[in-house]
Each structure stands twice: as C-alpha cells, then as structure tokens.
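Presented sequentially are two complexes of chain A, the first with chain B as partner and the second with chain C.
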Partner chain A sequence: MASSFRTRAKLEKNYFGYIFIAPFFITYFIFQLVPLIDTFRFAMTDAVAWYLSPNQETSFMGLKNFKDVLTDTNFRQAFGNTPLMWIMGFIPQIALALLLASWFTNEKIRVKGQGFFKVIFYMPNIMTATTIGMLFFTFINRNGFIHNFCVSIGYIEDARYPITSPTFGRSVIAFINFWMWYGQTMIVLIAGIMGINPSFFEAASIDGASGWQTFWRITMPLVRPIMTYSLVTSLIGGFQMFDVPNMFATGNNNAAFSKQVTTIVMYIKKVAYTGSMSVSSACAASIFLFLVTGLCSLVLFWLMSDRAEAKAIRMEKKRAKEAALLEGGDL
Partner chain B sequence: MNKLKRVLCGTLALALAASMMTACGKDDSSAGGSNSGATGGGKDESGKTVVKVYTFTDETQGMLDGFLEDNPEFAEKYTFDITLEATASDYIQKTLSALSSETDAPDLFLADADYAKRFAANEGTASIADLGITIDESQYYPYVLDFTTIKGQRMALSHQAAPGVVLYRRDYAEEVLGSGDPAEVQKHMDTWDHFVETAEAMKEKGYFMVAGIDELKRCFMNNRTSAWVNEDTMEYQLDKDTVSQFFEVTKKLADEKCTQDVSPVQWKANWYKGMKDGVFCFFGCSWYLHYTIKPNCLAEVTTGKVDPETGAQEAKEEDYKEGNGSFGKWGIIAGPAGYFWGGTWWYGSKKCLNDGTKDAVKQVIEYFCVNDDSMLKVMQEKGDFTSKPAVNEKLVADEKSSTYKFLAGQDWYTIFREAAPKINTKTTCLYDDDFNTAVDNALNEYVLNGKSLDDAIAGIATEVKSNLKDVKFPE
Partner chain C sequence: MANYGQAGESMKGGYHARIIATKIIVYIVCIALTIIAILPFVIMVFSATKSRFEINSSYLDWAPKITNTLVVSLLPSGHFIENAKYLLFSKALSLPFGRGFINSAIIAIGATALSVYFSALTAYGFAVYRFKLNKPLYAFIMAIQMVPTQVTVISFVEMMYKWHLTNNFLPFILPAIAAPSTVFFLRQYMSSALSVEMVEAGRIDGAGEFGIFNRLVLPILKPGMATMAIFAMVTNWNSYLIPSLLLDKLDMSTVPMLVAKLSGNKYSTEYGAIYFGLTLTAAPLIIFYLLLSKYIIAGVALGGVKE
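What follows is the complex of A and B.
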C-alpha cells in the first residue's frame, strides 16, 4: 500500500511538472516556432505584407529572392557596415572589460568602492539605446558639443556644414555600443575570474610570478570559456545591431553618412515595412543574416576552443591505440 | 489535502498560461496605443454609436469637436473615437494594417499628401460614390481630386488646398532689394536665376537666403514633368532635368554661403531659429503660414508650448505682438514656381459601409469637404484655404487677426488664389514617401559627400530598388 502510494505521488509530480512548463512551450510554438518556419516558407514566395493585400495569392519563386538580395547594392553595403561597426566597438569593449575585471578581482590591489564603480560602469546599459542614440545625435548635430569641438579645432572649416565623414559616424556608433556594453561584459568576466580556483593564483605568487604573467598564464586561459560566451553573444547582438544606428539614419535624423551606417536589420525593416512591403525579400535577407551569424559563431567557437589540449588528447588516444595494436601483434 | 493541492496547482498553471496568452493578445491590439480600443460601429456607455477615426494630425480633434457643436442631432447619435499617430511611417503601417482587419478598421481616416495615394489604392478604402457622396467635380481644384483617384474612382476628398508660396522678410528686402513690397519682391524671385541673384545680394548684407538644403525640394519636386512611377506600366521615370536643376541650384546656394545650414533642417531647431532672424525666405503654404512660421517667428512665447527637443513653438494670441522676434516683418509672394505642400484627405473605409457608421462618415466628409457653407465657416475661422475655388473667393482675410498683422497687413488669400491653379498634378505616385527619402539622401551625397551629379541622381533608383519590388527599373 505504502509503496504504491509513493509511485503515484512521483507520477503526479512529473505530470504537474509538464503542466508548469507547458505555457512556455505553447507560446513558443505559436509565437516563435511557427513564424520561424514561416520565414523559410515565405522566403521562397513573392508574399507582401498581409495587411497590404489580405487576400493575396503567393506564388513559388524558388531562390529568386535570395539572388535578388545578394545582388542588391544596399544589402551588400549593410552587410559590410554591420560587422565593421561591431568590431570597432567590440575590441575596446572586451579589452577594457578584461582590464577592469582583472583589477576588480586582483587580491593584491583590492580596489576600494567596487560596488560603486560596478554600478557606474553598468549604468549606460540601463538606458534605452534609442535615448542614447538620440543624445549622441544631438551632440554631433550643429551646435552640439562634438560639432562645436570639430569647428573649433578646424576639422570643420565652415560651421554651416555638418559632420559628413562615414568613419566618424561609424566611430560614434561603435563608441556608443562600446560604452553601453563594456560594463555588462565586465560583470560577466568578473564572474568568470571569480570562478577560477584561487589556489592557482596562490601557487603563481609563491612561484614569484608577476601580475602580468599571472594574467596571461592563469587568468586568460581559464577565463576563455566565459570569453567565448561574451564574444558569441556580442557577435549575435552585433549582427542584429539596429536601434542606435537607426537613430542616425532615418526620418528627421538623416545624417550625411546615413548610408554608411545602415545595418542589416535596418535594411530588413525597410524592405518589409516600407514601399511595396515585400515580406518575402525581407525573409530571404533574414535567413542570410541567420546563416552568417551561425557560421561566424561556429568559427568563433572553433577558434576559441583549446585546440592544443584537444590535440594532445587525440595524440594520447592515438598512441594508446597504437600501443594496444602493438601489444596485440606481440601476442 | 492532496486533492486541494492538485486543484491549486492546476489552477495556477492555467492562470499562468492564460496570463501569457492574454498578455500576447493585448500586446497586439494596443500596440499602437489606441485610446479606448472601441470598435467602430459599436456603442459606448451612453448608447451612442462609435465612429472610429484614424488621423495623423492633432488638428482633427478640434475640427471634429467643432463639427459636433454645429450638428447637435449628430452628436446625440454618434461619438468619435480618435486615434492619433503623428509619425508618417508608423501611421501608414498602422492604418494599412488596421484597414485589412474586419474588426479593427477605422470608419473614417485621414491622410497627408505623401501617402494619400497609397491609402486611396488600398483594398479597404471605400470610394466617394460608395459612401453615397455626390460631388460636382468642376468645383474643385483638379489636383485635390486627381491626387486620390484610382482607376477613375474618386477615393477621398480634401477640405483644404495647400498651394505653395514664399514667405519673405520685408525688412531685409527693403534693405537689399530696395523695396519690401510683395509685387516688387516677386520680380526678384520669379525665376530660379533671379532667385540665385537675390541670394547673392542677400549674402552681401549678411543674410542667408534660405535655412537649409531641403528648402527648395517641394517646389522643384512638384514641377517634375512625370511621376516617379508610371501608374499603368509601373516603370520608374526620372525627370532628370528638374532633379538636376534642383540639385545644382541647391549646391550653388550652399557653396556660395547663401544657406544658413548645409544640411536638411526642416522641422529641426535651426529651421525655427532661422524664422526668428537671419534668413530671408521660407517656402511655405496655407497651413504653414498659420501653424509653422507665425508661432515660430516669435522670440518669446509666454502662453504657448515649446518643444524641448526641436524648439518648435505654439503660441496664443497674446504673444503675437510686433517686436517679438520677427513678427509683423513678413510678406507673402507666389515665388519662382507653383507647387503644393501637403493637404488633408478624408476617407471612408469599406468597413463603415456595413457597421452602421456610413451615414456618419458621409455627413462628416460632406460637412468639411462638400458643403460650401460649412466649408466657408470652418476655413474662415482657421484662416485656412479650401479645396474649392468658389468658396475661396468668399474667404476674407480678417484684418483683426494675428496672421494679418504677421504679414504687415497683406491679404494672404490673394496670393493663395493666384497660386492654387498653378499646381501641377502629374507628379504623384504610390511611393512618394519612399522617393522623398531617397531624394534627400541623394542630395546629401551630392552637396556634402562630393558625389558627381550623375552618380547622385542614379543613387535615387539604387536606393528604392530594395523596397519597391513591383517597380520596374531600367537595367
């Protein structure tokens, strides 16, 4: 009696577990998976936004949309701009985050007021990107302080002219992304460094390793999985960059360098929601974005994995196998 | 106990699922921030039929309030549920999206010139004839009707015509050109060559001719010989001469230091700043005179509102005093070429035909756009200009009004009556909004980024190719 009661209770528990996770899966299937599959389906048709033409009959177009997107000058330009602006922002972002993280976790330095600094560094991330984009757009606009500075140092000869340099525009956007995200990356890296066994650091200091050596020989190799995580999430976010550059390139805020800061997602939005609202082309462009992001993430994983170690393990296995074969031969 | 637990768990799970679902549902319907979410044709608490209205301008609220006051029997039966979305691209998307829905579609909706044709071509729009409105077409300016005509069907009506004019500073004209009188100034501004000459003369005395590089756009663009897209063949058409002339004149003005800014400044801080001082002329129109330049020429507003971001001002009568900014120093002339700027078109949706609001929509449109008496009354009060020449003949510039003082005693209606018939109607297509952006970018490339004229103009087609899939571009 007692034992049968226990099994029933166990079963019931599992059963309720499924009920609890059901809402997520139901909403996921309806709002995520179905649209996801539809993206692939639509990309092969000539569908336009349903509300533009509610009773449209779409026809199968094969890979035409993909071909059109690939040959589109605007798409190509967007595809060049996006990774460029991401890299311009990410390199200083990860460098500064690493530096701050290693300082904050260094037992020898013992930075005072850590909580305060962490909050300050994280702060830009709390504000919406649009607000920050708008703020910086005001800065580079005429009479904004960056514009005024450019005039005063003679970079802009005639104050009537705006800032037109694409490099300048991209740098401003890269800077905003850097400034918004280094705090977040820093916190993640601090967690990563804190996870390293302190006895390694102790051993290093007993052996007389310098701070620099400890950083390169202990912190860096052991924090690599977390670095990979930061790098890949940032890469995905970078390819999907939208809100900040959008503030510099659309509507009333149309900077002279708007074409040079147009990103892939901005292109997708334009194709899907303006003009003939060609949802199918936008889907094709989205799939490209998906493929490229996936591919780049894989390459990053491969680059960041510890290949020396993996190689050593493989070599070891091979040797063991050969040894076993040899032994077998002997027998 | 066990049973209770089970019931509790089940209820919780259900509640969770339900809350997620409703959250999603709610998100969809309130995405645009509709103020009440009432369905057109439904009844409100007091039993009145709700007429759902979509608009892009806050002016509509006041107009409909006035309409209700004037039509008490209507006000007993109907009430308006107005949704306002001021950003053009959002408004287009929202309205087109709503029109395709059988339940959420507005009964009555309005459009600005940039997308009036798109709304007219939409499947959810009812024609004027469907609404039971009969008009005498000869009574309207042709452009007002042609604008929203699709396959011979009139799809919308406008209460206003917005003929383009040039507003200029009388004091600068007197100093530089020798006379501030409109007829004299017009002689210096009647062709683009004279316009550039005047600009150079203004520069000599330290005044800028125009505020930014987008100032002349509408005037040139309305004078193209063809629309961007041929309506029948859907082929891309470029009037290269006009576009080149626009780019060249603008670049010349920019290079010769005749523009206050070498960037597009319309609706931005420096544009409003130029209205207060330093800029000789602005390309405006009927509504622009009342709502844009008149309040923004004031150096100080004590009673109105100031937009913190752009510095755009709204003012009340008390602020309109001579000596406040450049108030009272302005004149109005027809300028180098006829054009129009915007307008407000009224549409009924197919939905209103069946949900019991057809009559209401018909009455509203007739009140504002068909009946001479009510049109005259509304527009005389606003100082605005109607879509019917005959009604406009009866409009009188009110000598006590602030607009009259703003123009130093000039009758603005004379100029509008002169300018309205000159409007070219053959330049509109479905995608004017998209082409406007592309032209802005191409002009930036030419004036600021040193692209050659041909390359910059070729860039217009390159830019819109991505999002205009149904337009045929030459290879």
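What follows is the complex of A and C.
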C-alpha cells in the first residue's frame, strides 16, 4: 500500500524533468538549431546580406553555390592555410605538453614549483586572442620587437619595410597557437597521467623498466584517450581559427600577405559582409567547414581508439554509474 | 658480499647522477618557457611607457648587436601618462575604453549568470527525474557539443538583423542559456556532489520542486558552478567575431572590438598608444587570472578528463 503510494508520487513528479530542461532546449532551438537549418537553406539560394537588402525575395539555386565556392581560389587558399597553420602549431604543442607532463608526474625527478610553472604556462590561454594577435602583429610590424630582431640578425635587409613573407606570417601565427595552448594540453595530460593506477608504475619499476620504457609502454597507451580528446578539440578549434590571423590580415597593407594567412572563417565573414555580400556563398562555405570538422573528428576517433577493451570496460563502468544514479534519482 | 655492496653503490651513484642531470635539464626548459610565456607581456608593458620616437629609433651602442633589440625593449621610459592621454582623451585617436569595459562586463556577467544557472537547472533535470526521453535528450546534448559554433555565425547574424537586434546586447546574453559543455560538466559534478536522500528529505518537508533546486541543490553545486562561471566569463569577455558583426556603434563596442580598431591606419605609427591600449586590456585579465589561478588550473584539469 505504502509502496504503491510512493510509486504514484514518483510518477507525478517526473514530468518536472521536462520543465527543468525546457529552457535549454527552447534556447538551443531558437539560437542554434534554427541558424543551423538556415545555413543549409541559405546555401541553396541566392540570398545576400539583410543589411544590403532587407526582406529580399530569394530564388532556389540548387548546388550552384557549393560549386562556386569550391572553384574560388580564395576559398581553396583559405582551406589550405587553416589546417597548415593548425598543424604547424599543434605538433610542437602536443610534443612539449607530453614532455612536460611526463616530467611533472615523474616521481624520481620530483619537479619543484610545479604549481607556479602550470600557472605561468597556462596564462597566455586566458588572454583575449584579439589582444594577443594585435600584440604579435605590432611585434612583427615596423619597429616591433621581432621585426627589429630580424633586422639585427640580417633576416631582413631594409628595416623600413615590414616582413611580408607569408611563411613568416604563418609561422608566427602557428607559434601563437602553440604558445597559447601547450599549457592547457599539458595540464590535461598531467590530470590524465595522475589518473593512471599507480600499481602499473610500481610493477614497471620492480621489473626494472627505464623511464623511457615506462613512458612508451605504460603512460602513452593509457593517456591515449585523453590525447585523442585533445587532438579532436584542438582540430575543431583550429578549423575555426579567426581572432589572431584576422589581426594579422587587417593590420597589414600587403594583399598577398593577408591572403596567405586567411582562414576559412575569415573567408566566410569576408564573402558574407564585403563586396556583393553573398550570404548564400558564405553559408555554402560554412557547410564545408561543418562537414570537414565532423569528418576529421570521426577519422581521428576511429584511428586512435584501438584500445577497444579498455574502452569497453570504461563504458561499462560509466553505464553502471549512470544507471545507479538514475535508480537513486527515482525516489 | 663486499663486492656486491660496492657494485650496488656505484650503480646507485650513476643513477643519481642521471637523475640530477635530468633535473637540471627540466629546470632549464621550465625557466626558458617561463621567460617565453611572460616576455611578450613584459615588452608590452615597457613599450607602453615609451614615446613613438623612442620606439621608432632606439639603438644602444653598448649592447651587443643580437641582444640589442631585447635590451632596448626592456628599458622603461616616462611616457606612460602621455600615451594614456593620447588613446583615451585626444580628439584624433581616442577610443571609448571606459565604455568598452562596461559593455564587455554587461555581456560577460549576463551571459555567465544565465549559462551557469540554466545549465545547473538542465543538469539537475537529467540527474534527478526519470522521464521517457531522458537518455536520448542527454545523448543529444553530448552530440551537439561537437558542432563548431562558427558554422552558424552567418545565419545567426542574419536572424538578428531580421529581428532588429543589432546594436543590442541580448544576442550575446540570451543564447548562453543553452551551454552544452557546462550542462555536461555540472551533470558529472552532481553525480559526486548531490545525494538523492537530500532531495527526498526536501520533498518530505513539503518543499516544491523548484524550491528544492533553488534552496537545497544550488548551494551544494556552488563550487562546480563557480568553476564553470570563471570559464564562461573569460570566453564571453574575449569573444570578438559575432560582436564585431552585430555592434557598429562605437559606444557599444566591446573591449576586443576596440583592440581590433588599434590596427587601423590612423594608429599605424602610434606605437606607444597601441602598446598602452594592449596593456590596458591585458592587465585586468592578468590580475583576474592570478587571483583565481588555483581554481582555473583545477578547472582545466577537470574539464580535460571528460570524454
């Protein structure tokens, strides 16, 4: 009798779940899902910016915009620049982060002042990317710190002109990405290594494994899921790169230089809000960005998840935990 | 026996030497990285104290050629106030940084408050109630975390134009109600911080469902919500792309938008003023970071372990 009363009370309360999650889904629908659908819709019309022509009549264009974007040399350029600048920054970023993480978690080295180093290495990440972009742009501009240094070592002959080499510009942008993000990756990897069962390391040390062997045979395989996570989030972020290269391109009066540091998002913004303000072409380019990030994430997940058993065990644990919680939540 | 002891000793000696050598390398690398992390900001602050002329034509005869640039960059001068006047009050160059800070604060605080409160509400809804669509809807939130926001930027901006919400802060504040990664984090946080008995006790005491959430659950979630609030604050404060497309009145500009204006042609030779502007916008964040660094580092570590 009592238990059946409790069951009924439980059922009556559970519709509150929908009330509690409703604001999230309503907001998501209006501000993210509708624009996502609009992106696909606009991409197949000849829409221009509302700013240029409000309440315009648009006509259906099929896949024409996609073809136009793919044959646009500026799009191809941007589509090449973006992953190039990302990978140039990401390789040193993950390598250094791994090295530091393995040092900081090494019981034998016992690095002092770790807290201080973590705080300092992470600091650039918190700063406004626009400020960082402008700062480094001023450094490479005439009379800037990097510019003057390049003059003093003879990299540029005439100090009156800014450096216009695109390789140089891309390298500086890649460096900024590296500099802003290796601290973050390091902290994430340290957390991952600390999460490894210490008995693995003890066993390795009893078996006489060297630091190098322990790192490659135990640490690396076990932090692999976290590395996948860092890789995928960094890749998605890399494809969305905008603030820093934007400062390099707008501050510069050299068209060739600007073109070589243009990213996909910069291209999208430019197509939509300058010249003929073709929002439809910009949306077609946005869809390519959407597809390419999705595809890369899938491939990376697939490539790096060969530890199927480990993953299965983890999933099982997670499921058990969530099931337990749901049971518990069921008052 | 003696031999064995000796061999052990010498092995131990070599082992210690190796550890010490590694330690030296570790500290050299860490100190070098510390310098690399700080140097750009130090140069920025020192350059903000210099006049245009000093930045244009400084060369020291006594410093070796290669290190000359660095030495010059690290010498302070006395034109800080002058640069400040240039950038904040002069007719030709001034930018409304005071307004910018207020605007950025309105957006950052508004968006943070909404995202943290409603994410907690959403996470609680998933954690405590058993309804039919619980699992599929939660899976949906996990999936949309991966959709890059920049993909919908253009359509979002077009929609705001259509609704006449340009030069308005609402487009940056309201969407914060739906923050998938914050929901995910707080849902995880609840599984360790929240006990179901407590919710049940609240019900027995006759509290309503919203009352239980607001008065019993929110105080317990405070540490987790604070972590998310710090990151939401920084992200919204630093946001540039969408504000630059929807705000075109100078008085409504956010701080990153004003920084971007420093790359305009009229500042092309006003290096002192540029460095002052950059220092002005970087300083509050550096202070904010140093005050909260403990929580921020812990938050980064926590956020990264999620899958």
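To be clear about the criterion, the second predicted complex is superposed on the first by the 291 of 331 C-alpha atoms of A that agree within 3 Å, B and C clash if a C-alpha of one lies under 4 Å from a C-alpha of the other, contacts with A are read in each partner's own complex, and residues count from 1 in each chain.
Heads up, the rule we're going with is that a contact is a pair of C-beta atoms (placed from the backbone, for glycine too) under 8 Å apart; a residue touches a chain by one contact, two chains touch by 3 or more.
Just so you know, these numbers come straight off a predicted model, no measurement behind them.
In the superposed model on chain A, is it clash or fit for chain B and chain C?
With chain A as the common anchor, chain B and chain C collide in the superposed model.
If we overlay the two complexes on their shared chain A, which of chain B and chain C does A:223 touch? Say first, second, both or neither.
neither
Determine, for the superposed model, which of the two partners chain B and chain C contacts more residues of chain A.
C
Examine A:103 and indicate which partner it touches, taking first as chain B and second as chain C; both and neither are also allowed.
Once the two structures are laid over each other on A, A:103 reaches chain C alone.
Once chain A of both complexes is superposed, is A:240 in touch with chain B (first), chain C (second), both, or neither?
second
Per the contact definition in the header, classify A:34: touching chain B only (first), chain C only (second), both, or neither.
After superposition on chain A, A:34 lies in contact with chain C alone.
Which partner does A:160 reach: the first (chain B), the second (chain C), both, or neither?
first
With both complexes overlaid on chain A, does A:231 touch chain B (first), chain C (second), both or neither?
neither
So in the superposed three-chain picture, is A:17 touching just chain B, just chain C, both, or none of them (first/second/both/neither)?
A:17: touches chain C, not chain B.
Contact-wise, after the overlay, does A:173 reach chain B, chain C, both or neither (first, second, both, neither)?
In the superposition, A:173 touches no partner, neither chain B nor chain C.
So, does A:190 touch the first partner chain B, the second partner chain C, both, or neither?
Only chain C is touched by A:190; chain B is not.
Given 38-46, 308-316, 380-388 or 398-406, which part of chain B has C-alpha atoms clashing with chain C after the fit on chain A?
It is 308-316.
Based on the A-chain superposition described above, do chain B and chain C contact any of the same residues on chain A, and if so which?
Looking at chain A, the two contact sets intersect at 16, 19-20, 23, 27, 31, 49-51, 54, 143, 251, 273.
What does chain B use to touch chain A in their complex?
That would be residues 6, 9-10, 13, 16-17, 20-21, 24, 87, 89, 93, 96-101, 122-123, 254, 257, 259-264, 267-270, 431, 433-434, 437, 440-441, 444-445, 448-449, 462-471 of chain B.
Across the complex, what residues on chain A touch chain B?
Residues 12, 16, 19-20, 22-23, 26-27, 31, 46, 48-55, 72-75, 141-143, 158, 160-162, 164, 251-252, 254, 256-259, 267, 270-271, 273-278, 281.
For chain C, which residues count as touching chain A in their complex?
Within the complex, chain C touches chain A at residues 19, 22-23, 26-27, 29-30, 33-34, 36-38, 40, 43-44, 47, 55-56, 65-66, 68-70, 72-73, 118-119, 121-122, 124-131, 133-134, 137, 141, 144, 146-159, 161-162, 174-175, 177-178, 180, 183, 191, 196, 199-200, 203, 209, 213, 234, 237-238, 240-241, 245, 255-256, 259-260, 262-263, 271, 274-275, 278, 281-282, 285-286, 288-290, 293, 296-297, 300-307.
Across the complex, what residues on chain A touch chain C?
So the residues of chain A touching chain C come out as 10, 13-21, 23-25, 27-28, 31-32, 34-36, 38-39, 42, 47, 49-51, 54, 99-100, 103, 108-109, 111, 113, 115, 117-124, 126-132, 134-139, 143-145, 148-149, 152-153, 179, 183-184, 187-192, 195, 225-226, 229-230, 236, 239-240, 242-243, 246-247, 250-251, 265, 268-269, 272-273, 279, 282-283, 286-287, 289-290, 293-294, 297, 321-322, 325-326, 328-331.
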